[in-house]
Structure formats: C-alpha cells, structure tokens
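Paired with chain B in one complex and with chain C in the other, chain A is shared by the two complexes that follow.
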Partner chain A sequence: MTRKELVISNRLGLHARAAAKLVQAASRFHAQVIISTHQMSADAKSILGVLTLAASKDTPVVLEVDGPDEAAAMKEIESLITSRFGEE
Partner chain B sequence: MRVLRGQEFHPKLSAQQFMDSFKDLELELLAGSAGLGREIGNPRIQKPGLGLAGDPEYIHPDRIQILGATEINYLSRHGGPDQRQALETVLKRGVCLFLVTKGLTPTPALVEVANATNTPLIRSPKTSSYVISVVTDRLLDMMAPRLTTHGSFLDVYGVGLLLVGESSVGKSESALDLVVRGHRLVSDDIVEIRRRGEILVGRAPEMLQYHMELRGVGIVNIKDLFGVVATQAQKEVDLVVELEAWREGRSYDRLGVDDPQTSILGVACPYLLLPVAPARNITILLEVAVRNLLLKRKGINSARAFARLHMERMGSQKDEP
Partner chain C sequence: MLGILVLTHGSLGKEFLDAAFRILGQEDASVASLCIEWDQDSASAQEKLRKTLKKLQESHDAVLILTDLFGGTPTNLAMTFYKAGKVEILTGMNLPMLIKAILMRKSETPLLDALAILREKGQSAIVSVSEALGQQDGAGE
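Here is the complex of A and B:
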C-alpha cells in the first residue's frame, strides 16, 4: 500500500469536473484508491464519493493506493492534483 | 467473523457543546466554567445517590451526574465538613458535569467544590424525569458510534439491505433495478451507519441524499425520477450482501444451512457473499435473499429443513431391505 499526503490547490477545489478527472484517472487502474479528508474518506473511483468530500482549495487530502499497479496509479493521481487538474 | 470495512468515528461531546445543543432545557451555568472543555464519554446519565453519602466507587465520571430533589435535599440536610469531604472525593474523580434539575438551589459547599475542582455545575428548571429522558434519548443519537462505508443501501420488502463490494461490481445498477421494481433507496455510494444500542441505522450523507451515479448516464436524482415513494430517509441495517465478480476456484455457499455474519461497529449482522456473473439476475437473487431472511425470522429455514428431510430419508433407506 502506498500513502501520500497532498493539498488541493486549484481555486475551485474538488468541484464536479475536477472530481470527474480524478475519478477517471483512478478508474484506469486495478488498484483500490482511497482519498480522505479529516472528516471522511471516499473511494476515488466513485464520483459521488469524491464529491461528498466537498474538498475546497487548500484542503489536505490523503491518498491510499493498494494493488498491483499502485505505483503508477499514485504517480498519475498525484500529478493530476499537483498540476491543479489543468486549471488555475 | 468478518468486519465491514469503513471509517469509524466515535463522537464525544464537551460540557460546552452539551450546553449549546440542549438549549431547550434552559440550562444555566452555576459554577466550574473552567471545566467546560471536559468530555462526556457516555450517553447514559447517572444519579450519584450513595456517592454523595461517602461511597463514590460507582460514580462514572464520564456520565452526566443528575442532581435532583433527592440529592439536593440530602446535601441540604447533611451540611458540615463531612459533606465537603464527600463532595471533594466525588468531584476529584473528574466528573464531566453535574446537572441540577427542577431549578433547585445547590448548597454553597457544592458550588465551592465545583469551582475548586473546575467541575461544570449546570441547572435546568425542568424536572429530573423529563431531563433524564430528553438527555438520554438525544445523547444516544449524538454520541452513537458511526461507520462510513462504501455501498448502496435500500429498503427491500421492509428489510434494510446493504450492498457492498468493489467499485464497478454493479452496486448502483442493482440498486436502480430494485428501485424500478418498487423498493426504496436510502443511499447510494456512501452509507453512514450509526449504532444505537444494538441497532444499526443507515442513512445517506446529507449532500448525497437520493443521488446515484450511473456510468454513461451520470448523476441522477432518484426522488425526482421515481417520486417520494422510491426513497427513504433512514433504515435499520438487517442484511449485508457483498457482490463479487465470480472468481474461478473460489467456493461459494452451496447449502445455506449456516448463518454467516459480518460485524458492523461491533454488532453482528446477517451476511451473504453473492457472486456476480453473466445470466445471474442479481436483482432477483437479492429479492430472494431478502425473502429467505424474512422466512428465517419466522423460524422457517428452508436449507435446514431440506437437510433434515434428507437425513430422515437416508435413515429410512437403511431400514428397507
């Protein structure tokens, strides 16, 4: 299992389209991906789950990736979050 | 027993939060304001009774201590240094808060010791019996241990059915199928389960309520699409079914004579592992599983009845020539 702490840094936070990008990225891998805030955790392959986190800008999140392709999955999701989902 | 995975949360309440959440009891702080950060660790209250007479062993400091007419009258009649000592012994145990009822006036010694030990002393004009029932009932809910888990939760024939399993195994699609067949959706995707005593109650996170995501269609609102009779706010969890893509070589239950269970927040709940494969109509299988559970509750266990019959037949065969 790989674990990493990141911060949501795009202006709009994990809004609907950003969440969809995250979910689509996570769904490309076999590994289970869990994303958590201080309040709750969600399956990163579930759009409703990710949206329910209501993670706004500057929210710290924890990614936990578990499975045969976890390294690649973590790399892809991490770059998506750190690149602010290609937004401002 | 297997344990249902999810994020557990055991809420605690500080004396200050208690005062803020029970405004309807018209609470007033009489002493010990420095101790308002103390935590209430148990939703059940206690009447200290004999604790005040010098036997503090059974005082649970994590419970709210109710001081009603009995206690206050006792303290008023038994003044002097003995009372002070008894109070100090009790309060030094770190009691989370004392709640005086019926608008009674606490003895000066009680106020002094509460201030000296930073024990919040709060008063309500309501009677003890009323305060006790309101506080216990609401604290049980507020302090109920919670588990947030990934799954779909429905009311099927009046039975609370929790569907769990890996993502994209078909939980939402099965839930939708069940709704179309007249059953009710409580929550899809994320279910919040609270434990009240031995009862598990599931509901949707507020933001998510009655929404569902269907791959290729997107996010839909079940209440808008199917009407108010297709949804339900909360429901007791009666049966957990785990959906799993059929795994070659894995053995699934073929008899059903055992009663497998899963533990949710320490409470045992009936559990089935249901393999998903082409030509297996999951919705119908789920309905049958629920019907079967209802039968079992009536004392009718089809699998065991069949096994019994089978044994009898085998026995009678032996007797035949």
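Here is the complex of A and C:
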C-alpha cells in the first residue's frame, strides 16, 4: 500500500468538475484508491463519495492506494492534484 | 437493462441531466429527459410521455422515471404508466440521486433494488452545512 499526504491547491477546491477528473483518473487503475480529509474518507472512484469530502482550497488530504498498479495510480493522481486539476 | 427518464416541470429535467452528464464526464443514451412545459395541455403531454416511454422500453427491460414533485403534473402523468417492477416512479429527484441512478444503471442494478437505494441516497444527500461543520468540529476534539 502506498500512502501520500497532499494539499488541494486549486481555487475552487474539490468541486464537481475536479472531483470528476479525480474519479476518472482513479477508475483507470485496478488499485483501490482512498482519499481522506481529517474528517472523513471516500472511495476515490465514487463521484458522490469524493464530493462528500467537501474539500476546499488548502485542505490537506491523504491518498492511500493499494493494488498491483498502485505506483502508477499514485503518480497520476498526485500529478492531477498538484497541477490543480489543470484549472489555473 | 434499465432505462431512466427524468420527467419534470419546465426545463428542469434537461438541465439536471446536463449537469449530471457534465459531472460524470460522459453522456448516457439510456437516460432521457422530458420536460412538461408550463402551458402544455395534459393530453399532448401524456402523448409525448407515452412516445418517450415506448422508445425507452423498446431497448430496456425496465424504466425508472424520476420526477421533481409528488403531486405535480409530471408525476401525475407518470403514474398513469406505472407498472410494478417494469415502470417505477421515484419523486423528489435531486442531483445526487440522479447521478447515483446513472451509475447504478451502468452497474446493472435491478430496478427494485435501485429504487430503494436511490430513495435512501436522495435523502442522505441532503446536508445541513452547519450540522456538517458541527460534526467536523466535534471529530477534531
């Protein structure tokens, strides 16, 4: 299992379109992807789950990726979050 | 396979569906919307609904109709086509419920199972932000 702490840094936070991009990225991999804030955890392949996190700008999140392709999955999702979902 | 019809007053249904497709990142030809215009007479609205429903039924075993308001014209019209287990109707649709419905359709959840889950999802997705923040404060203590 691979674990990494990141910060949501785009201005609008994990809003609907950003959440959709995250879910689409996570769903491309076999690995289970869990994204957590201090308050709650969600399956990163579930759009409604990710939206429930209500993660605004500067929210720290923990990514936990577990599965045969976890390294590639972590790399892609990390890149998506650190590139601010391509928004700014 | 399940077909879904979003049936509402005015152009609500079309806009709900557009929002859901944008969030999901793709459209789904098995999910249709039908808007009952405010000045439309009920006979022509019923005929329009009959045709839309028939088209969905041609390619789907069962159809779930999601409507905006119990007691409103779209729901009342839908009820004339109700057929247990074949054409089911869920009222008070919201966006999380619609998104969940589209996802469940893709995962081939049977209609009656989907109905129960969507009813629960639609209700649990209604969140008072002050309560949510209160819970978060409590969790940090």
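By our rule, the second predicted complex is superposed on the first by the 88 of 88 C-alpha atoms of A that agree within 3 Å, B and C clash if a C-alpha of one lies under 4 Å from a C-alpha of the other, contacts with A are read in each partner's own complex, and residues count from 1 in each chain.
The working rule: a contact is a pair of C-beta atoms (placed from the backbone, for glycine too) under 8 Å apart; a residue touches a chain by one contact, two chains touch by 3 or more.
The structure displayed is predicted, hence computed values, not measured ones.
When the two complexes are overlaid on their common chain A, residue A:4 makes contact with neither chain B nor chain C. Contacts of A:36 after superposition on the shared chain: chain B is touched, whereas chain C is not. Of the two partner chains placed around the shared chain by superposition, neither chain B nor chain C is touched by A:28.
Using the contact criterion defined above for the overlaid structures, shared-chain residue A:17 touches chain C, although it does not reach chain B. In the overlay built on the shared chain, the residue A:48 is in contact with chain B and with chain C.
Shared interface residues of chain A, touching chain B in one complex and chain C in the other, are 47-48, 51, 54.
Put simply, chain A touches chain B in their complex at residues 27, 32, 36, 40-43, 45-49, 51-52, 54. In the complex of the two chains, the chain B residues touching chain A come out as 7, 148, 150, 166-168, 188-190, 205, 207-208, 211-213, 219. The touching residues of chain A, counted against chain C in their complex, run 16-17, 19-21, 24, 38-39, 47-48, 51, 54.
Residue ranges of chain C in contact with chain A, taken from their complex: 22-25, 96, 99-100, 103, 121, 125, 132, 135-136, 139-140.
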